[in-house]
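As written, the chain order gives the labels A, B, C and D, with residue 1 at the start of each chain.
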Amino acid sequence: MAGSTFGTIFRISTWGESHGKGVGVVIDGCPAGLPLDEADIQKYLDLRRPGQNRYTTKRKESDTAEILSGVFEGKTTGTPISLLVRNEDQRSRDYGSISELYRPGHADYCFDQKYGFRDYRGGGRSSGRETTARVAAGAVAAKILNSLGITLHAYASSIGPVCVDPARLDFSHTYESPIRMPDREAEGKALEYVKTCIKSLDSSGGTVTCQALGLPAGLGEPVFEKLDANLAKALMSIGAVKAVEIGDGTKASLAKGSENNDWYALDDEGIPYKSTNHSGGILGGISDGSPLLVKVSFKPTSSIAAPQPMLGRDGKLHENVSIHGRHDPLIVPRAVVVVEAMTALTLIDLLLLNMSSQMKYLQQIYQPPLA
Amino acid sequence: MAGSTFGTIFRISTWGESHGKGVGVVIDGCPAGLPLDEADIQKYLDLRRPGQNRYTTKRKESDTAEILSGVFEGKTTGTPISLLVRNEDQRSRDYGSISELYRPGHADYCFDQKYGFRDYRGGGRSSGRETTARVAAGAVAAKILNSLGITLHAYASSIGPVCVDPARLDFSHTYESPIRMPDREAEGKALEYVKTCIKSLDSSGGTVTCQALGLPAGLGEPVFEKLDANLAKALMSIGAVKAVEIGDGTKASLAKGSENNDWYALDDEGIPYKSTNHSGGILGGISDGSPLLVKVSFKPTSSIAAPQPMLGRDGKLHENVSIHGRHDPLIVPRAVVVVEAMTALTLIDLLLLNMSSQMKYLQQIYQPPLA
Amino acid sequence: MAGSTFGTIFRISTWGESHGKGVGVVIDGCPAGLPLDEADIQKYLDLRRPGQNRYTTKRKESDTAEILSGVFEGKTTGTPISLLVRNEDQRSRDYGSISELYRPGHADYCFDQKYGFRDYRGGGRSSGRETTARVAAGAVAAKILNSLGITLHAYASSIGPVCVDPARLDFSHTYESPIRMPDREAEGKALEYVKTCIKSLDSSGGTVTCQALGLPAGLGEPVFEKLDANLAKALMSIGAVKAVEIGDGTKASLAKGSENNDWYALDDEGIPYKSTNHSGGILGGISDGSPLLVKVSFKPTSSIAAPQPMLGRDGKLHENVSIHGRHDPLIVPRAVVVVEAMTALTLIDLLLLNMSSQMKYLQQIYQPPLA
Amino acid sequence: MAGSTFGTIFRISTWGESHGKGVGVVIDGCPAGLPLDEADIQKYLDLRRPGQNRYTTKRKESDTAEILSGVFEGKTTGTPISLLVRNEDQRSRDYGSISELYRPGHADYCFDQKYGFRDYRGGGRSSGRETTARVAAGAVAAKILNSLGITLHAYASSIGPVCVDPARLDFSHTYESPIRMPDREAEGKALEYVKTCIKSLDSSGGTVTCQALGLPAGLGEPVFEKLDANLAKALMSIGAVKAVEIGDGTKASLAKGSENNDWYALDDEGIPYKSTNHSGGILGGISDGSPLLVKVSFKPTSSIAAPQPMLGRDGKLHENVSIHGRHDPLIVPRAVVVVEAMTALTLIDLLLLNMSSQMKYLQQIYQPPLA
């Protein structure tokens, strides 16, 4: 099936493999009149670029986005925006040795079963490189949201057992931190932990939290197209994500109703607000006007340097095989902007869909013909 | 938007409010030739029926499903199957008093903001009653899966702080248990806990786990239509769900790669298997042939009997308002079959979509014209 | 596949067979706040009701629509509107004799080949009775369009060789005419022609034309989702339609550019208009602000009383088989409102989709959260 | 909205403008295991390439397709196939003079109304250049169909008033003919007619017919996703098409049932066939196993060299404006392969969708997990 398309109105279709000619995305349904140039895309892409420090893969990619269509005289035209990022530093030879083996934690066996064979070069379509296209598209979505006063911020909320302290969050530090952790104290401990993992030829899991401020109430559709349901799909579709939590998430299962309910209050000017935000900004699948809070859990990188037993296409077990290639010891740092991009893509689509929720909006926009 | 549709090939469209004339579902895309009658649907519906014991709402509904179309001479015809369940015991008067108030933890405010007004009778479309239609459709999906040897089993894995012990699981007990907990020891403690909640006019959260056995490798599409992504959306779309976890879920974020990777092994007959199942049966978004494991966290019922402050449509705060009506003190017991139904609906759709994954399948099924 | 769903935003899902329990439709995505009651639906349904005169089937159906959901206190709530029409006068015994035969011009053989068997009672899902659900949904679409000043009018433009004269059109006569022909002179000749057909146990084809006035410019999306492309699909999906023409239609292929181009002109007040309308109101797939003109050709009713040779499921030829049952000698009169309904459903969906075409519309509707 | 996507399973997303950097398409959902290389695409693209003779535009484009993804070791992998065709000979200066004018017969005014402004360079997204991407994708669809024994052939069936004689059709001549007319006698007359048009600075309309042989019975879904409905949308979405006819098309409206019904017969070996094919191979929206016949009518090229009055963005009428640029005096020759491509794309999608029509197909393909 067409598994590479996301969104109903603001719809993106991505393509590309880790070791093919490049990756890209077609954005269809972007409203006309948005100022857009390649720098807008590049700024976002740079936040996930590999080879930035010792905690990420040594693969070098400038990841330069080219806008091939959909922008005229500096503005979106309403027609498809095609973005192309050529691959540059693919070294397929790294993978020859494992072309007949199924790496643990990877989709190798699954792809072989599904398609009858697979592109064994670096994971092919299931490589993290695929997220480049998501981020490029997310940059456009984020730009629209920002223009309306909606801001997103994602960050590493934990690396292995080291968690940030919500009281110490300093978002100005997020992108100064090589591991995108906006809490200097936790960051220090986390870096120590990661070094230990690297030393033992191992890798670490972690979590990414994303918040959105300025979101209006009313986004998300009842029943299957709830805001949280769409976020869950968007975020779980990122490779290596094993859990999605909204607001209090799993902790809500431990609570009582009297603790979990967010009571309304009035501020000094008599404007209502929720005195707590256990709900994470979503009630009944619809945004409630308070900050959106979502957290995803990443498993540790499956490609570890330590030798492991592997199953061969020949049906035999191959003991102590080491995976070569250039891999991140942890996924979280580069995934932070991917989480933000997928959140932005989810929000912009529901925002545009919500325009048709009331007759009065239709009447407001509707323009009768001239004659 | 059309938020009431789920699935691409096996596509369901649900409708209905808690206090309207009924609820129902249209199933389009069910393959022809499946034996089906109303008893198949009823069996599943009975598992979520209210009024069964003191731990669920006292609302009485026989929840009888009528098949209006799509079945001829005991078999599905390939055309839409329309299922109708009439509402019987709606008492809208219970809700008159809160028609102008926004209940904490409910979607009241959100609906008002989204649509300009709302059906205030028992939550309207955002009521749990909506899940009746999901279960009716899920019964058909489950029947197909079962016919292929795929079995699903969902159960309450925790109620508040009380968790089942995986070593004590006895699935034959699940539906004997009023709270659907397949561990007699944990069940006892959980019932005590729930009684305390009821006594203090409060409610409790909990978790539901669902496993699927016999699932072939290859289900799920790379990138956005991953199996786990679709499951996450399906399950997060159930009211009151705040987290979805696959396999080890949030715990994967704490692990190292060497711990989290599931190593392949060979059994006595030389058939390969995964020696562990941290992945929960999904790698790279595609089923890997091992058991599927998914867990969802439910928040406690928002409608508690204890008085709470409520925001009015008048913008004023109304202190100490009690919610009348008949509500479950915990959502989990009746949600168990809903989780199973949504899992079944996700699996059947991806199973049918996967039929077109390889040229050889097309060649296998393809029949040239007679002449 | 899910072949019973139409539309992206304003999405309808129909169900039901000619000789089952009934037919119905779920409308999802109708904007909230539209005044709606059962009389609105009934008015439209009455225009296609059978048994009205000698030129239509003698089958008696009151075709009463029940609104099961989605309307509260006289207004649409934004949630699915489920409409149910029970079948009343089905006489399946009429069909027993042909259950093992493939009627010429019918889908009998195709259904058998596709699904392995078929519901042989009156065509089952491929019966014209299915259009009842389209008309019920179309009534809602038309009501929205009308509220914006857009009006639709469909009529029989020809019956067999007898065509209306555009100079004599009198739309006030359309629904007075038993054959929906708004030209009394042509109507007289057409009735004579139909009588001849009936006398010779035969049936007649014809055309239906639909115009829409007051349509704004800008509806329809470039490339695949053009307004005319969507109309073509919508109208060709009506049983027995063999051609769809926009504006000059097939005649455009005979013309030169200088004849076919609609030149712009200015009226007395300097307001621009197209001096001709060969385009039928659509250019480049997008409405141009002038009247929409679309014409569809219906083949003659396939069920004729005269004996015909038929192929059996046994692979043998059965000579001189007569079709019993109650059939319309011509499809056009009852199809007129179906064409109008499908046009309305196409327009409302594209109108709602067009709301997200420009950034300025988003900014116009967007409301920031309270706090 | 996302108007640039076509298909459900075999889904294509096109992008690109006539005077931008290029055009392209992403094909998602192509089954794995199809042998494919750039020559397969090129062969089809060459059939629509401009600058081939005096009857088509003088614009020079080599139209070389690059496969950017989705093919590995000469076979499709099941993941998205991205195809890129760079624009080469765009001369935007040709269009400067009409950037403030609305050309008759073009979408200029409509785009301006829809999006607030337009890409005035050669029609932008509404240019015929967009069809390059359709043809590239169609080449892949056609290759799959051919591998199953299904063959397509499209040709010019009329140019202006000159029609081919079905008795004289010689398909080996189609692509020898500069106007794609497989009837040498008609071709000669048509060329005379076209020369007259060119001489008078005018253009000509025409029709394209497409047939498909070897199509199995059962393709197409009842109600909205009928085979003919999908074909109608696919073909009407080609710029300048004003009518789509199936089988006898508009002529069916003139016929009686006894004439229009295709009676079954048995051949010498007792194999049943339809003795006529008025239906064009489709009954009840489903293929009936006989040849598919579809015809589309193209209006004459709107860009004529003769001076015309044009409306300006300033609201004023500009008399006697000539359109410069390089345009085809008739659309039909280059549209022939576009019609074939869109037919192929429609058929492959419905063929793949039909795989899930029966339980027995699912059982046939289904493979249980190893353990």
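The working rule: contacts are C-beta pairs under 8 Å (C-beta built on N, C-alpha and C of every residue); 3 or more make two chains touch, one makes a residue touch a chain.
For reference, the UniProt names are A, B, C, D = Chorismate synthase.
All figures in this text were calculated on a predicted structure; none of them were measured in a lab.
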item: Intersection of contact partners for chain A and chain D; value: B, C
item: Assembly fragments, chain A aside and the remaining chains unmoved; value: one piece
item: Selected interface, B-C versus C-D, where C-beta contact pairs are more numerous; value: C-D
item: Taking each chain's C-alpha mean as its centre, the one farthest from chain A; value: C
item: Chain centre separation (chain C, chain D; CA means) in Å; value: 26
item: Intercentroid distance (Cα basis), chain C paired with chain A, Å; value: 44
item: Centroid spacing, where centroids are CA-atom means, of chain B and chain C in whole angstrom; value: 38
item: Residues of chain C whose C-beta touches two or more other chains; value: 1-5, 8-10, 14, 29, 32-33, 78-79, 114-116, 125, 216-217, 222, 272, 289, 353, 356-358, 360
item: Chain D partner contacts - residues on chain B that touch it in the complex; value: 8-10, 29, 31-34, 76, 78-79, 144, 147-149, 214-217, 222, 267, 271-273, 289-290, 351-353, 355-371
item: Chain C-facing residues of chain D, complex; value: 1-6, 8, 14, 102, 104-107, 109-111, 113-116, 123, 125-126, 130, 158, 160-161, 197, 200, 202-207, 216-218, 220-226, 228-237, 239, 241-250, 252-266, 270, 272, 278-280, 283-289, 297-304, 306, 308-311, 315-317, 353-354, 356-358, 360
item: Of chain C, residues touching chain B in the complex; value: 1-5, 7-11, 13-17, 20-24, 26, 28-29, 32-33, 66, 68-70, 72, 75, 77-82, 84, 114-119, 121, 124-125
